[in-house]
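Next come the structures, one after another.
Below are two complexes that have subunit A in common, paired first with subunit B and then with subunit C.
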Partner chain A sequence: MRCVVATSNVKVLGKAVHSLSRIGDELYFEPLSSGLALRCVNSSRSAYGCFLFTPLFFQHYDSGAPPGGLEDSSFRCKMGMKSVQTVFKSLSSLDKTVEKCEIDLNPGGNRLVFQLHCKYGITKTHNLSFQESESLQPVFQKDGYANVLRAQPRLLADTVVHFPPSLEEVNVTVSGERVQFRNHLEDEQDASKMMLTEMSLDADEFESFQVREETGITFCLKELRGLLSFAESSGLPLSMYFDQPGRPVVFGLDDPVLEVNFVLATLSDEETTTHRERNRSRPPQADTSHDDFLSDDMDSYMIAMETSAVGGAEAQPCSTGSDQRRAREPVSAACSSGSKQQRGLESESEEEEEEELPGTPPQKRFRSLFFGSVLSPYSQGANQTLRNQEVLAEASDSDPEEQEEETAKK
Partner chain B sequence: MRFRAKMIDIGCFNHFTRVVNTISKLTKTCTLRLTTDKLYFILSDKVANGGVSMWCELSQGNFFDEFQLEGVSTEHNEIYMDLAAENLFRALKTAHNAKSLKIKLTNKHCPCITLAVELPSLSRVSRVVTHDIPVGVIPKKLWNDFKEPSVPDFDVSIYLPPLKTMKNVVERMKNLSNFLVLEANLNGEMNLKIETDLVSVTTHFKDLGNPSWGDNGSQDSTQDRDPETMMDVKVDIRKLLQFLACQQVNPSKVICNIVNKRIVHFILLHEDVSLQYFIPAHA
Partner chain C sequence: MPLSTQLEAGEEQYVLIASLDNARNLSNILKAIQFKDHATFLATSNGIKVTVEDSKCLQANAFIQAEIFQEFSIQEDSVMFRVNLAVLLDCLTIFGGSAVPGVTTALKMCYNGYGYPLTLILEEGGVVTVCKINTQEPEETLDFDFCSTNVINKVILQSDSLREAFSELDMTSEVLQITMSPDKPYFRLSTFGNSGSAHCDYPKDSDMMEVFQCTQTQTNRYKMSLLKPSTKALSLSCKVSIRTDSRGFLSLQYMVRNDDGQICFIEYFCCPDEEVGEQEQ
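Right, the complex of A and B next:
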């Protein structure tokens, strides 16, 4: 196996590594006959990223796969992300000083050698240790999605900038003509303390806006930011494939020499609607130019404050008594429409359903595992119960190496 | 109670953002008081703040094109609310190229200040970003806690040296001691002193200039005194540093009033915004 990357592409390779580093700690390296695949998955298996560099990207590319053989590649491994990041440490100087980057397997077969040939006769050689691993293959079909949006990455980057960098989850709702991004609040977070941000974009701003199902999905923004920074520097249009909540969202970049796919899990349906109804008292299509003061009336709220004890506030008669969590929050006055009450009651029954989900880990409730059957067990138990595929990962007491051998035989 | 306002000038956005940035660096939460012609950011001198207090005042006419307020009642046409300045700053920060900014008091899941920013877009329809910042409305009976502080009966009034220089000095001193003595006289001289078991460090500034306050009580008493006499106050160094670091753009002038051994009072004036900051002496 041997690849040689010429000058300007070394920086692209470095950016890809940095972009994957936002997802997880291990980089999966697999030279295929169709190109070099760099992949990464996060510990809870709810985010996956893959950069496939076709042979055209390289000055020289030899995947090492035996010709005419059944195997697509001879060698696949995973390495510590930090080690690979060190190779491509200072991106800004990479394209100024590095003339060539060579990646080979060393003669002993136990180290992956990254050699950077730089100006002034300097050669930097990194010998990275690796672990042989199985192929990381998520199961997804870009063709099967109802909604596909494509835009210049600048558009998404401009949207994401309005949300705090610490924001975990974002909700994206799409209708025929508009798409809305909102920060998503976890159950435990107090809506009366969090700043809520919402941004809406018109369909015209997208290169392509195909919406066959009006839907809303919630996914983790943090892992996407890595892709956005890569996409912005590449200038390639970014495509977003999604439909129902629960089904993973795919972000892709396409180019003759490079194919990038990021697959992120989304919150499943019951959880999304419960949060949305509890935290938003106005419908998504609210027009901010409707300066209707009736909905801004603070007087009933003020009256409640004066008559109650200091610090407390009595619940307004219209807030649904069954929605226990809302009663604990500060008073939300003037539930003007009856439809809100209805929604409140609905969300109560959905809450109960949610509580019954066995073994739901407290923080992440994503439908996570969408991978095919070739993984070895890295994560212990996280989200295993939410899989709707066969559980292959055994409990932590079994020997991981034995597991790998078994799955390799399949 | 109702409030809505609109801002359309980019210069005003930037200026307002800078003011809010300054406030957010001085305190996490503060009280926003709205009247028909002014906005106030207030931090009252509670024990929780370490006794520091802040009063920042701006004329709404210099920022907003539209401003409508209906206060708690007709005689008290004002609104007081608690908010996290950092949230407000974060919302304003990304609006630097906005076409318009609307601010409203709303009641969603709880009382909020809603900012609606209209941004330029690639299509005929503008992009709209809305931020809902939760606030706590303060009932009228508590308004007395937020009275405007009066200028104290100071012993010395002096102009500070350039804030950046002063900040650099105090930052280094912070590593050595928790308290700093700030002293000044009527001859335009100021010293910053720290003292520990091992070392004492003093930085001297001169030719700073003393503002004249016209004819009033404090001026008379100070005139009898020798202008060389130093009046000092010992303060928590972190509070002082917080004040020195808050200002982004160099202000016109910062006045420092010292009440001997009691309190130091800073007045910062910049483009029609006035900010006062009080640090009490350490016991």
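Right, the complex of A and C next:
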């Protein structure tokens, strides 16, 4: 595996790393035959970012994958985000001092070597340790979306700047003529005490404004800011794909040499409603957020989980026992191990709750990214048989209301 | 002139009198060695040497030659005292730390000898401030016994390039390893941090390399925490000389140009780290 990046592109690579750092703490590095994929996912699995650098981006690109083999890549790993950021520390001087950047796997196979050849003959070598990992890949299809907006990144950046940096979630409502950005208030927050910001953009401010479904979605702004700063510096038009709430929103940048996709989970209407109802009937408990996942209507949600470790074969549905677990961490590569045994589900869910606690933001109503159905509604029926999610064990204190819903839908 | 009239009566008593039209020529250079609260001042007819030490392993010296001062008179062969450097710098910058173009603070420093306070008279825009700082018993400063005859390897680099390398050093590494060799990698700075190792190599024929005199391959490690303060001196300087001797002791000499274009020197001496473990190449 060897890649060589020439002068101006080194800064682009550095910027990509920095923008992914806004999402999570680990950088997934995977050289594919189609290009180098740098990916990141946040701890609650509600945001995912991917930069795919095609071979054209590089002065020299060798993914190391054996030609004609089933494997798309020979090597995939994850590294601490901070370590990789150190390589591209001083962004501003990267294009002035760095002439070339080489990325190699060292002969011992235990270090990823980033070598920056700088002006005046100075060479900076970083030998980074890594962990072998499975591929990180959600499934999403940009063509399945009802609404597609495309604009110069400047437009969105200028819009977002009006919201306080501490703002977590933003609500985007779209109609045929305009799109509205509003800060989202948690139900617990008192509207009269909060500052409300609202911005409207006309359809003609966009390069392309295709709205087939008038809808409003709410997603986390923080993770998007990383992409916006990258987009602004690249000058590439930013596309936004979304439709009903609950379905993840995709932000994309397209370029002959680079493909960027950020997928963010959105709040679903259903969750917002049930949460309000539940709040009225009983005080919110710390575990409520976890119970939501367990008592989710499994049938209407596809767990979109695929790993390229499975190779050319179609994504196989894993044993039902492990579905519960993956409901929590659908982005993990549980699938590839295949032989995941169904452990006592009670203990598993408890374990998950504990695992989930540190990562999951409290009281957040976000669906995990991969719960949302990413296939268009009409194909849902056909795939239903493939992924038969049986809820084998209900959480003991799940809402009876929700249980009824589930049985009705089954 | 307000400064001289105030002291006319007792001027003969003073063992040391030093005047500067621009106090920043002194304060800037002292800030570069301010990693500890106390400093030892040694004044001779050559000028003033200010020394700061840390854990008996690191010593920083700032040399301000007599020629830098507008007035410099010393009544004894050598005058030595210890003073709180933080307090001294606060007084030197009493009219504000930031540089306002066209406005300078004038300084007159007077010392009456052992047991007397250090008197600073500062003037800016007609406002005069007099500060008296208590002096302390001078402590023996370390003698690193670093002489040019023992020097094995020496390089002189332009500070610009080293500045960048230092700012990018992996701070999670406990040591900074310096390799100097007549063969590749010539001059290498290495760190061993949480994410792995990092090396910064300077070839001997680099444009940034002014002098390259390496006779033997030497690799030495120094505690990062000890060398970190030297980055301040690096940022002020235009050139830096890096020398190691037969014991692995490190000497860093920084050439600093002050506001008036005069040259001052700052020197750092550092002992090598005792625990020499496996060295990653």
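Note that the second predicted complex is superposed on the first by the 277 of 410 C-alpha atoms of A that agree within 3 Å, B and C clash if a C-alpha of one lies under 4 Å from a C-alpha of the other, contacts with A are read in each partner's own complex, and residues count from 1 in each chain.
By our rule, a contact is a pair of C-beta atoms (placed from the backbone, for glycine too) under 8 Å apart; a residue touches a chain by one contact, two chains touch by 3 or more.
Nothing here was measured: the structure is a model prediction, and the numbers come from that model.
After overlaying the two complexes on the shared chain, residue contacts for A:155 are found with subunit B alone; subunit C is out of touch. Residue contacts after overlaying the shared chain place A:93 against subunit C, while subunit B stays out of touching range. In the overlay built on the shared chain, the residue A:111 is in contact with subunit C alone; subunit B does not reach it. In the superposed model, A:121 lies in contact with subunit C only, and not with subunit B. Of the two partner chains placed by the overlay, only subunit C lies in contact with A:129; subunit B stays clear of it.
Contact comparison for subunit A: of subunit B and subunit C, B touches the greater number of residues.
In the superposed model, A:83 lies in contact with subunit C only, and not with subunit B.
Taken together, the two complexes place no residue of subunit A in contact with both subunit B and subunit C. Residues 79-80, 82-83, 86, 89-90, 93, 97, 111, 120-129 of subunit A are the ones touching subunit C in the complex. Interface of subunit B with subunit A (complex): residues 1-2, 4, 72, 84, 87, 90-91, 94, 102, 104-111, 116, 121-125, 127-134, 137, 139. Partner subunit B is touched in their complex by these residues of subunit A: 155, 158-159, 161-162, 164, 191-205, 278-282, 288, 291, 293, 295-299, 301-302, 305-306, 329-334. If you check the complex, the residues on subunit C that touch subunit A are 161, 164-165, 167-168, 170, 194-203, 205-208, 280.
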